[in-house]
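Just so it is clear, A, B, C, D, E and F label the chains in written order, and each chain counts residues from 1 on its own.
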C-alpha cells in the first residue's frame, strides 16, 4: 500500500519530518511518500495561509505524476482543503486534524488540542466542528509558538506541557498534538502528563490504512462528487 | 464610498451581472467596482472550486492596484475565503452568504436558501454555521441548475419557485437567493411566493455601507490578525 | 426615509439620548423620531420590566398617530417585544440587541456583550439565542451598573473597560454595548481596548435603512402574520 | 394549599374551564382559584397577544388582593410572562408549557405538542427551548383551530387526532395538549392514540403542589431577583 | 399509593437513608418501600459500577414479589437503568437524576449539580443530556468525597458548600444534591447558600406521585415497548 | 496482536459470525478471539437487554482467563457497556457503533445507520451522541427485522436496501450496518446503492489495531479511572 502525505506548506524540512512521523506509524507493508506543494505558504498560520495552502495542495495532487497511491494523508493541522481533495482523487483522504480527534474520542470522554499560535485555535475548532468530532473536544489551547519556532525541542516541550494543563483543567482526558510539526513529541509529553497524546500524522496514517484495507473510499453520492469539467486556472501563470 | 465586489470565478459576464445587482442596491454616494479574479474556476461548484476560488480572490485583492476602497463584498454564495480576506485588508469584508442570512433573520422566524446544484447545499450549510447564522435556517434546497445554466430566466424562475416550496414546507418564512448569479430574480419570485426574498449581493452592499458609515472594521484582536510576513508563492508561476 | 425609534422605558432623557445616537448613525436622508412609551417602566431591568415594556411599546406604536414611517428601531437591549411589533406594523422592525450582534458577527469570529446589571445577562442571552445569532457570542458580562446609573461617563467607561477584559478572556474579538443608554461610548472604549465596539442603536438604524432601501419587510408567511382582529384591552383603563 | 391559576386571556369561560381542569388534577387538600386578567387579549394567538397577556397577568397578580396563595400556575400554552411572575411573587410559579414538557419527558424518549394555529408553533418552540426542555421535543404541530374554536369537542378531537399522527411520524411517543383550552381532552385522545397525553394544566398543578410540599421556591440568586423599586405605569390609565 | 424506591447499590444502610428521605417527601397517603438489589456493587462510582447496578436493579424488580406498587423511583444519581425499567414495568418510573433537574429548571434559569467523586461528573452530564434536561445545567461539580464517605455530616456539608461556590460562579441559581446519599442535606445548605437546593429523592417521589395521580404512565409506543420474550440469564448462576 | 471480540449476547452462532467478520478485516498478524458472555440476553433489542448485556460482557471480561490480549472490540451495535470496559481493562476498547461512525465520517459529509427494529434506533442515536460522533449522522432508520431474523440473507438485503433509501433521502452519503449480525452484507449493498457501506465489526478491528500500533490506550486521567476496589456481586449467584 502506498500513502501520499501532503505537507500544507512549502518547507521541505517540514515534509521530511512529517514523513518520518508517518513512516514510524505505518504498517510494514505501507510505503509513505511525502509531497511538498509546488507553491503556497512556507508555513500555514491563519486563514489566508490556509486557503492558499488548500489550493496549492489540491493543485499539487492534481498534477502529481508519481507512482499510483492508495490513500492521501493531509498533514496540515486545522488547515483547509480536505473536501476538495476528496472530490479530486478516487482514494480515501484523511486529514490529520480529524484523524487525531477520531482516535482521541476512543481514548477518553473529552479530549483537548494543544497547538501553536493563538490565531490558529479558531480554525482548528471550525475544522473539528465540520468534521463532526467537536462535541467531545474540551478545549483548543495555544502554546504561543509559531510553526517554524518548533525546532527547539526543549522549548516546544515546555510550552506544550504548560498549555496541556489548561486543557486538562477544561476537562481534557486525552491530548492531541495540534500541529504536524509537533510529530514525534507525543511519547515524551504523554509520559510526563500521564495521559495519552495523539499525533495526527500517525493517526491519519492508521486511518488511511484502515480504509484501504476495508476497501472503503469517499462517497461520490452527494457532497464529494467528482469535480465538474470546466475551465480552471491554477495561479497567475495559470 | 467605494466598494470592491469580488466575483468568485473568472467569468466576466458574471462579474458584470453581480456589479449590476450591487449598484442597484448601493446608496447614491457609493461607487461599486467589480473585480474578476485573475485565475481560478470559471464557476464555483463544489469544494475544489471553492478553495481554488478562495486563493485566487485573495491573490487578486493582494495584488490589486486600483483606487483605494472602503469595503470588500465577496460575491460567491457559500464559497470560502472571507476569513482570509479579513486578515488581508484593513477595511470591512462582507460575504454575500452571511449577508443574506443576517438580513433574512430580521424578516422572519426561519429562513431558507434556494441554490444551484445539490452538491453546493452542504457547503452553504457549513458557511452559515461558521458565520454564526445557521440556527434559524430551516433548509438549504437546490434547484438542480448549475451556475452557468442560470442564463435562461424563465427556467431559473420556475426551478426557483419549485425549490422554494420545499423550503417553505420546512418552515422557511423568508427566502435567500443562493447564488450570486441569481441576483435580480428577487422581486419577481418574492411577488409570486408572497414572502420576502433576499439577494445576497444587495444585502452585502448594504451591510458593507453600514459598517463603513459606522466606522467599524474587522477586529485585529484574535482570529483575523494581519498575516505574518513570510514566503508565499501564489500559483505555479509563483 | 423616516425611522421611529422606540425607547423601552418612559424616561424622556433616555429617549433623547437614544435619538442622538440614532441620528449620529443615520444617513443624510433619514429622519429619526423618538417614541417614548406612554406607560411602562422608567427603566427596564429584568423580565417583569421587560414584559411590561413590550406591551407598552406595542401599545404606543398601535396608537401612534404621527407621520408615516418606513421602519421601526426598538431601543431596549435584551428587552422583549420585537416579534409582536413585527406582527403589528407593515414596515421592517429591527431590535438593537439583534442588530448589534448581526454586525458584530461580521467583524470578528466571536463577540461579547457588556451590559448593565448581572440580572439582565440571562435575558440578553435568550434574546440573542432566539434571534439566531447566539452561536458566535463568547460571553455576556455585566458592569454591575443599573440603567439609570449610566449618567456618570467616567464611571461607566471604567466599568465597561473592566468588564470588557472578561469578555476578551472568554474569546471575544468584538464587543457590543449592551444597553441603549451606553450609546455614544463606543468610540472611546474601542480605542482603549483596541477592538471594534458596536452600538446597537447605530447598528439597528443602519440595518433598518438597509431593509427599506432593498424594499424588504417582515414576512407575513408564518410566525409574523397580522394580529387576528379580536377584543384586546391595553391596561387597566383599557 | 392554595394555588392561583392565571388565565392568559380575559375570557371568563376559559378561566372556568381551566379551573375545572386544575381542580380535577389537584390533591384533596389543594384549593384552586382562577384569576382572569383585568385586561389583555380575549385569546392569545401570536406574539402581540402574548406580550400583552404577559403584562396583564403580571399586573393582575401584582394588584391581587385575595387570600394568600402558595403557588401560581400560569395557564397560557406557549405564552410569555413566567420569568416576570417569578420575579414578582415569593411562591413557586409553574407555566403549563414547561410543566407538560417536564412530565412528558418522563413518559417517553421523545414527545410532541399538538396546538391550535400554525402561527403559535414557533412561540411554543421558543418557550420550550428557554425552559430547557426542548431537546426531546420531536415536533410541535398545529390543528389549524383557533383558541376560541375549541368549543366544538368533536371537531377538536378529530383535528387533534389528525395532527397527532404527524407528531408520531416525527418520533413522538408522548403527546402534550398545546393549549389550555384543550384541558379535558387528554383521556379520550390518549385512548384512541394508544399513547400518553399530558395536559399542561394538570401537570402544572401537580408540579406546583410538589414544589410547595418540598418547601422549594424560586431562586432569588440571579435572574429572578425581586424587581427593583422604581416608577412603573401599568397601561394607559396607568 | 405505593412507591418502590430502588437503591442502586447493595448497601442496606443507604437504602434505609433513601427511604427516610423519600418518606419525608411523600404525601400522607403514599407508602414507600425500599428495595435493595440482590446483587451489584456496594456503592456505584463509575460506569462499571453503574452498568452492574442497572442490571441488578432491573433483575431485582423483575423478580420482586412483594405487594403491587404504583410507581418506581430509582435512587442512583447519574446511574444507568431507567429506560430498561421503563420497558419492564407497567407503572411510571422516575430516576432521581432527571427528577431533580426537572424541578430545578422550575426554580431558576440555570442549575448546578454537586456530586461525590470527580469521576462521576461525566456520567451525570450524560444522564441529564439524554433525559433532555441538560440545557439549563450550568455545571456538575464534585466534592471529592466517595459515596461511602458521606457518613460524616459536617465534612459532607463543608465539602458541599465549597463545591457549590464553583457551581454558582458558573451561573447556577439553584443546586441539586448529586447523590442519593446526600438526602437530608438540602435544607441546611440551602439556608447557608441562600438558594434553593433540590434533593433528587424527594423530587422523584413527588413526580412519581404526580404521574400516578394524573393517570399517566410510560408510553409503549416506541422506545419503551415491553421487552421481547426471549432467553435471558441474569448473572452467572443464571 | 490479539484482539478479543465480545458478542453482546449469548448466541454462539452470532459470535461465530462476528468473529468471521472480524477476521476478514484483521491484518495478517492479528489474532481474533470471540468471547460469548456467560450470561445475558440471547439477543439485545432494547434497553433492558442492553443493560443486562453490558453487565454480562463486563463480567465475562472480568473473569476471562484466556491468553493475554491487546485490545477489546465490543460487538453490539448501540449496546451499552463500553465505558465500563474501559475502566476495567488496560488495553484499548473499541465499540462497533462508534467505530463505524468514525470511519463513516471520513467517507462523506453525512452518514446514515440502517438497523434492525424501530425500538433500537433511539439507543443507537444516544450511543452516537455520547461517543461524540452524532453531528454528521443524518438518520438512523430501521429495517423492521429483529436480530435473530437476519439469518435470511435475501430478506435482510431487501429490507436493508429499502431502509437505505430513507437514509439517503435524509442526506446520508455513506451508510453503516447497524447490527453486528449484518456483518458481511456491506459489499453487496454498497454495490447496489452506489455508496460506501461501513461494517462496524471490521471498522472496530481496524481502529483497535491502529490504537495498539500507535501505543495508545484509554486515559486513566478522569472518567475511565480504574474501578475502585469494593464489594460487587455479579448476578444472583454472586
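One rule holds for everything that comes next: contacts are C-beta pairs under 8 Å (C-beta built on N, C-alpha and C of every residue); 3 or more make two chains touch, one makes a residue touch a chain.
This structure is a prediction, so every number in the text was calculated from the model and none was measured.
Peer 1: Give a one-word verdict, same or different, on whether chain A and chain F use largely identical residue numbers at their interface, taking over half shared as same.
Peer 2: Mostly same residues: over half of the interface numbers shared.
Peer 1: Hey, which one of C-D, E-F or B-C is the same interface as A-F, over half the contact pairs lining up?
Peer 2: So the equivalent interface, with over half the same contact pairs, is B-C.
Peer 1: Counting only Cα atoms for the centres, state how far chain A is from chain B in Å.
Peer 2: So the centroids are 29 Å from each other.
Peer 1: What is the distance in Å between the mean C-alpha positions of chain B and chain F?
Peer 2: 43
Peer 1: Two-or-more-chain contact residues of chain A, please, as numbers and ranges.
Peer 2: Counting only residues that touch two or more other chains, chain A contributes 83, 109-110, 122, 129, 222-224.
Peer 1: Which bits of chain F are touching chain A when the two form their complex?
Peer 2: Interface residues on chain F, with respect to chain A: 25, 27, 83, 92-94, 98, 102-103, 105-110, 129, 131-136, 168, 171, 173-174, 187, 193-196, 198-199, 202-203, 206-207, 209-211, 213-224.
Peer 1: In the complex of these two chains, what residues of chain A are touching chain B?
Peer 2: Against chain B, chain A makes touches at 10, 38-43, 45-52, 54-56, 58-59, 80-81, 83-88, 118-119, 122-123, 126, 129-130, 146, 222-225, 227-228, 230-238.
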